[in-house]
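A, B, C and D label the chains in the order they appear, each numbered from 1.
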Amino acid sequence: MGLALITGWTAFPRALYVRREQPLQFQHKTHSEKSGLTQCDSCHVVGSDGEFNGIARIETCAGCHAEKVGTSKAEATLVDSYIKPSRETPWLVYSRQPANVWFSHAIHTRRAGLACTDCHGAYGTSDQPKVYEQNRISGYSRDVEGHSMSGLGRAPHDGMKMSDCEDCHRRRKVEVGCLGCHK
Amino acid sequence: MSARYGFVIDLDRCTGCGACMVACAAENNVPPANPRATPRTGLTPILVRKVSNGMEGAAHREAFIPIACMHCGNETPCVRVCPQQAVEVDKETGIVVQMPQRCLGCRYCMTACPYHARYFNWWDPAWPAGMERSLNPGVAVRMRGVVEKCNMCSARLHSAKEKAAAAGRKEIDPADYIPACAEACPTGAILFGNLADKNDPVASASHSSDAFRLLARIGTEPKVYYKSTEDWVKALAERDSPQPTEAQHG
Amino acid sequence: MGNLLVMDRRLIARGAERTSTMRFVLWLVPWVALLALGIYAAGLCLYYGLNQTHMDNRFAFGMWIFLDLGMIAMGAGAFFTGFLVYILKQEDLKPILNSAVVVGLICYSGAMAVLMVDVGQPLRAWFTFWHPNTHSMLTEVTFCISCYLLVLILEYVPVLLQNRQLRKVPSFLVFEHQLHKLVPVLAAVGAFLSFFHQGSLGGLYGVLRGRPFAFRQGFAIWPSTFFLFILSAIAVGPSFLMLVTAAVETFAGRRLVGANVFRKLGFISGVLLGAYVAAKAIDTLVWLNITSRAVGFTPGDFYAYKPFGSALMFLEIVPLGLIPAFLLTLPVTARKRGWLLCGAALACSGVLLNRFVLTVQTLALPTLAFDEFLQYTPSWQEVVTFAGVIAYGVILYSLSYRYLPLFGQTKGADKNVSVG
Amino acid sequence: MKVSRRDLLIGGAGAIAGLVLSPVPWKLLGDSSIWTQNFPWIPQPARGPVETKYSACTLCEAGCGIRLRMAAKCPVGITGVRSHPVSQGALCALAFAAHQLNWHPRRLREVRHAGHAASWAEAQAAFRKACAEGPIAIIDGRPGRAASSAFEAFTRNHHGSYQVVLSAESQALSPYARWSGVSVASLGYDMENARTIVSFGAPLLDGWGTPGRFTRLWSVRAAGAADPQLRLIQIEPSLSRTAARAWRWIPVREASEAALAAGLARVLLEEHMVNAKGPMPQLSLAEAAAATGLSTEAIHDLAHTMLENRPVVVIAAGDNPAIAALNVLLGTVGAPGGIVRKRGDVPVQIAAGSLPSSLRAVLVDSTVPWEFSIPTDAEVFRFAAWDGGGNKAGWLLPAPGFLEELTDVPTPPTFSRETYAVALNLVAPSTEVQSAAQFLLKINPTLPVVKKVIQARCEEIFRGRKGTVYGEHAVAVTKIDSAQHLEEQLRQGAVWVGDAPSSGKLQCDLKEWPAENRLARTINWATAWVPPVFPALGTKLYQESNLRELPAGRQG
């Protein structure tokens, strides 16, 4: 029994998630501190009709990185393999929701006045991308599923599953039906 | 304020062209038919049915009746029977929402629906190579083994909401939300609007003397109204009125 | 081969007469083949999806649901006998109790298995427990049936533990002893659950206000079919037990239970059947003249389409309802085993017909004024899948009968064990 | 140490208990169900910026205005444009899925010669050789486009002949063209001013002309009214969609329309119901009645009903002079609410019915309907975006698909005013394609280039200072400051519409009642549509429902 418990709690989680590296060692820190892109929406823009562009497309990067800035290896990869051929960077999106989820950044930031960090944590100040852990079966990012296996002792912005959305909505007494978040 | 969206469909104006069916399918990422699909195993969230008065010769008349989910407002049959809340009546809009990702495909809701407005995905959805690029990003593709139906083009409601939020408005602009079928109808036979709003043309149309609903006596309060000036067409509303027969092939 | 023989012999209770291993194996072979075929067909439906069946958007339920309902009605004998024996203290029915449990287990587990193939997304079926819709009859059914299936398994375990080999494990003996104490409780729980889901199965169709052919008025949240199903189920449960027992007796070539047991079962069955038929008649009148007329549906809308004429309704109520009721209760016929079994058979087919009409005819009939009457014939995958379940039933029962004291006739064997 | 049966059993029980207390079973249960919600083999929409573009549908000559919703630079939705003066927001059923056509399984992806794969270079060489060896013909399915002028120029330079295939709508107008000497392309119906329309089998409510124009008109003025402002009388053997919704449906025998026309003419003339004195048809009223299966009274009544509400115009389904002659009697040719002349002279086109013999090669443009079989034994170079099947002879050349080429959209034949629109190449071709014009340009670089011709046409319109440009707003040409600006607007999906026709200047004199009756080619939703294939979603109409049938010779 003990054996089963130990495997179940330790080995299993390791086996369940595949750990993947981002295509580029992107540094939020440098961009916010050195390049003066202090606001999240300097790159992650909500458009006029409320549509959210998510991670900046390659044109945006090219705005500054048309030529190599600095000598880092990541910089070289960025310019040579993405900007020059104007290929989109295949980012692994930590908070990517499944296809049937409709989430409007406009509604949550403009109307509800949430801060980016409320859901995404302080990731904007990280100096290198964390490892992307993907569930082998469901294909979800572990940041969506939440890191704690037992679901206990979670950080406030750990996990972006339906239950997490529901908790927040309950706390803020905002009632929505299925249509509110699903398409 | 909460809305009660609904349709008033003028059968005098329906020429049975089928634009609503195609527009609906394109908007909602409904896949083209599997080679083995038939009218009884297909996916047509809105289906235009051809009816005739059963007469011969010059007295023979035909009409077309577009049938989609009636978004029943009372004792909604499908909502009542779904074992795991994959269907619900949206409080805010009155839309009867089907959530295929929650559905386990027991099809109890299909037996419950008197309008046959619910469809089962008998096959995995498939498009010819490359055609998946033409899919509408606002709508999730369903998978095999689940039930789907008209959700009143909720994707369009979503973008309307988002637009409103971006503009700092709380209510959506009615002009931003019109389902694909109503928008597509070349003769303007399909009228869409908020039945709860007295000033909405749909509300008034639904009260016209020519307006009727299908099987209204069952008491499910459908939010889809029909209109016709022809008596034999009006007679199609209820079962115990003289019955025309379903005509084959258009 | 040799040690198979030995094993077989060692598993059979001492003193119990069983046919030779050879004949037993030969008997099993065709059934095992059928079961394999059934599993293959079910596999097709699970792998390629339900397009393998002939169900469609209008015939969303098919042969499977009809037979599930039928099977579960037949399985009612299990809980009802338990109820009679442990709650109503009808000790003389005890001999068939084990057999009843096995029959019940087979019917319920079989139905469950078919349902798992019938739904489009079996891997999501557990959502019903996670996000239950308390208004849905199907939720009620799912909960009760799965719980009752557990109960049946728990009831089956002590029977299983009476096997000669398993009795050798002391801890099992203790376990069985404890379980035996528990059995009356289980029977009570089982009875409660079963009454409920038998009813909900009826409710399943009775609540369909969109299907005036099935829709019924009711009491509180339950349509009349809820109660009719309970009544019909407990009425035919015993009858079905009689048929099964009789069948086994024919194969075993000797009487397994006293004639008194048969007569009692028959009597109970008959009385309840009579009550059911009476209730059904009243319900039919109310429904035809009030319920369905109120929504603009006339009997013509229901019985104008062949083969679903009013003859079917008559057949269900008189030849397959009233007549068996008399056959089972009247002393004249009840004394004769032949008549008794005949009555039982009629009763069972009557209830099967009822389930058929409610599931299939409901969907075949038009609802909208411009609907057409629909036909549906099951695909071979549907038929074979179900045949597989029957095979599974036969196999499980045969094994149980061979190695377990189904009819409490292994008393002698017990003695031997305690001696040697 | 010996493991007893008991130890095993206990151990097993323990392991099970342990697993149940660990996340394993629960996580697996959850993840497997999530997996079923996102099966990896279910296609997902592409992510990318969403934008809106306006253009004109190029799938038939109607040129309806379309609004495209683009995601990741690919159209994901099509809707009509309410402000479009011709289509008025309406589209045919198929147009709503037209953006899927470019991936149709029958998309022509390679050059084919005699059924085998070939290269563009080979095709070029073969056509160049043919031009050098003898006379060639070019067949155009949609005259009046920029490409058409390239075709004409090429045939002029290479002593070839330029011929056109007319749509059924244009064919219905050709009798008037023959009698008046005015080109078909200059004629149209002034339906907006008509109060009675007598249709001899023309599917007016089923994709005829431009889907929007008449359906909207009918919907506003006729639908559902017992005594409508606009009376639609449908004469047709079977209860078509139009007949089903018409004010009156007159069932007649197959192909007896001309006889009925003659019968009506007799009543009109004998009872002096019209000013015209003749010509009188040879057919007697009784004979007409016999032919049509109607009673003489019925024909008589019909004649009277026709005139109750004037102006009345008669519309045929195809080239049927007897029916056209009715309009002449009724005096509706050149009159408001009748047949009108929408513009000055444009060159009269030769219909490709009979090609000159001894041709070396025939080039067929992709606008020619697949059904049109080329009456020649010369080498055929057929351009097509989709393979309609059955074409094993000659060259099959992959043309640009839906919105894959820059083209202009001239006025639709039935419309009463001149129009001009431009359709941009909004979609990058998914395969190596060439339009016929591009192909010819490679052979003769002096040919007019489509882009240039469009520019010239815009300047012409600008200098003409007539009409209005309907884009986001309606702007009179006089208010536009430059030809470039006008062109820019058209390139963004606006449409130019000329001023109301100056009626008159259209004279048809009939010496005798037209005897010959060419069998009218009836058209409907499917044949008005040029590609030989339907969008995949067409199955909703003809496979997943009984609403329509897939017409013979069409590919799903």
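Note that a contact is a pair of C-beta atoms (placed from the backbone, for glycine too) under 8 Å apart; a residue touches a chain by one contact, two chains touch by 3 or more.
Just so it is clear, the model here is predicted, and its values are computed rather than measured.
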In terms of C-beta pairs in contact, which of A-D and B-D ranks higher?
B-D
Taking each chain's centre as the average of its Cα atoms, which is closest to the average over all protein Cα atoms shown?
B
Can you give the whole-Å distance between the Cα centres of chain A and chain D?
48
Averaged-CA centre spacing for the pair chain D and chain B, given as whole angstrom
29
Determine the centre-to-centre distance between chain A and chain C, using the mean Cα coordinates as centres, and give it in whole Å.
53
Once you find the CA centre of chain C and the CA centre of chain D, what distance in Å lies between them?
63
Enumerate the residues of chain B that touch no fewer than two other chains.
38, 41-42, 49, 101-102, 124, 138-139, 141, 143-144
What are the residue numbers in chain C that touch two or more other chains?
121, 124, 127
Touching two or more other chains - residue numbers and ranges from chain D
32, 35-37, 44-45, 47, 50
Could you list each pair of chains that touch, in label order?
A-B, A-D, B-C, B-D, C-D
Partner chain A, residues of chain B touching it in the complex
88, 90-93, 95, 97, 99-102, 138-141, 151, 154-155, 157-159, 161-168, 170
Chain A - residues contacting chain D, complex:
1-5, 7-9, 12-13, 16, 51, 53-54, 57, 98-100, 135, 137-140, 149-150
If we count contacts the way the header does, which residues on chain B are in touch with chain D in the complex?
10, 12-13, 15-19, 21-23, 25-27, 29-30, 32-33, 37-39, 41-44, 47-50, 57-58, 60-64, 101, 124-125, 127-139, 141, 143-144, 180, 183-184, 186-189, 228-229, 248-250
If we count contacts the way the header does, which residues on chain C are in touch with chain B in the complex?
49-51, 55-61, 118-122, 124-125, 127-128, 130-133, 135-139, 142, 204, 207-212, 294-298, 301, 362-363, 367-372
Using the touch definition up top, name the residues of chain D that touch chain B in the complex.
36-37, 39, 41-48, 50, 69, 71-72, 74-80, 89-94, 96-97, 99-100, 103-105, 205-207, 211-212, 215-216, 218-219, 223-226, 239, 241-242, 244-245, 249-251, 430, 525, 535-541, 543-549
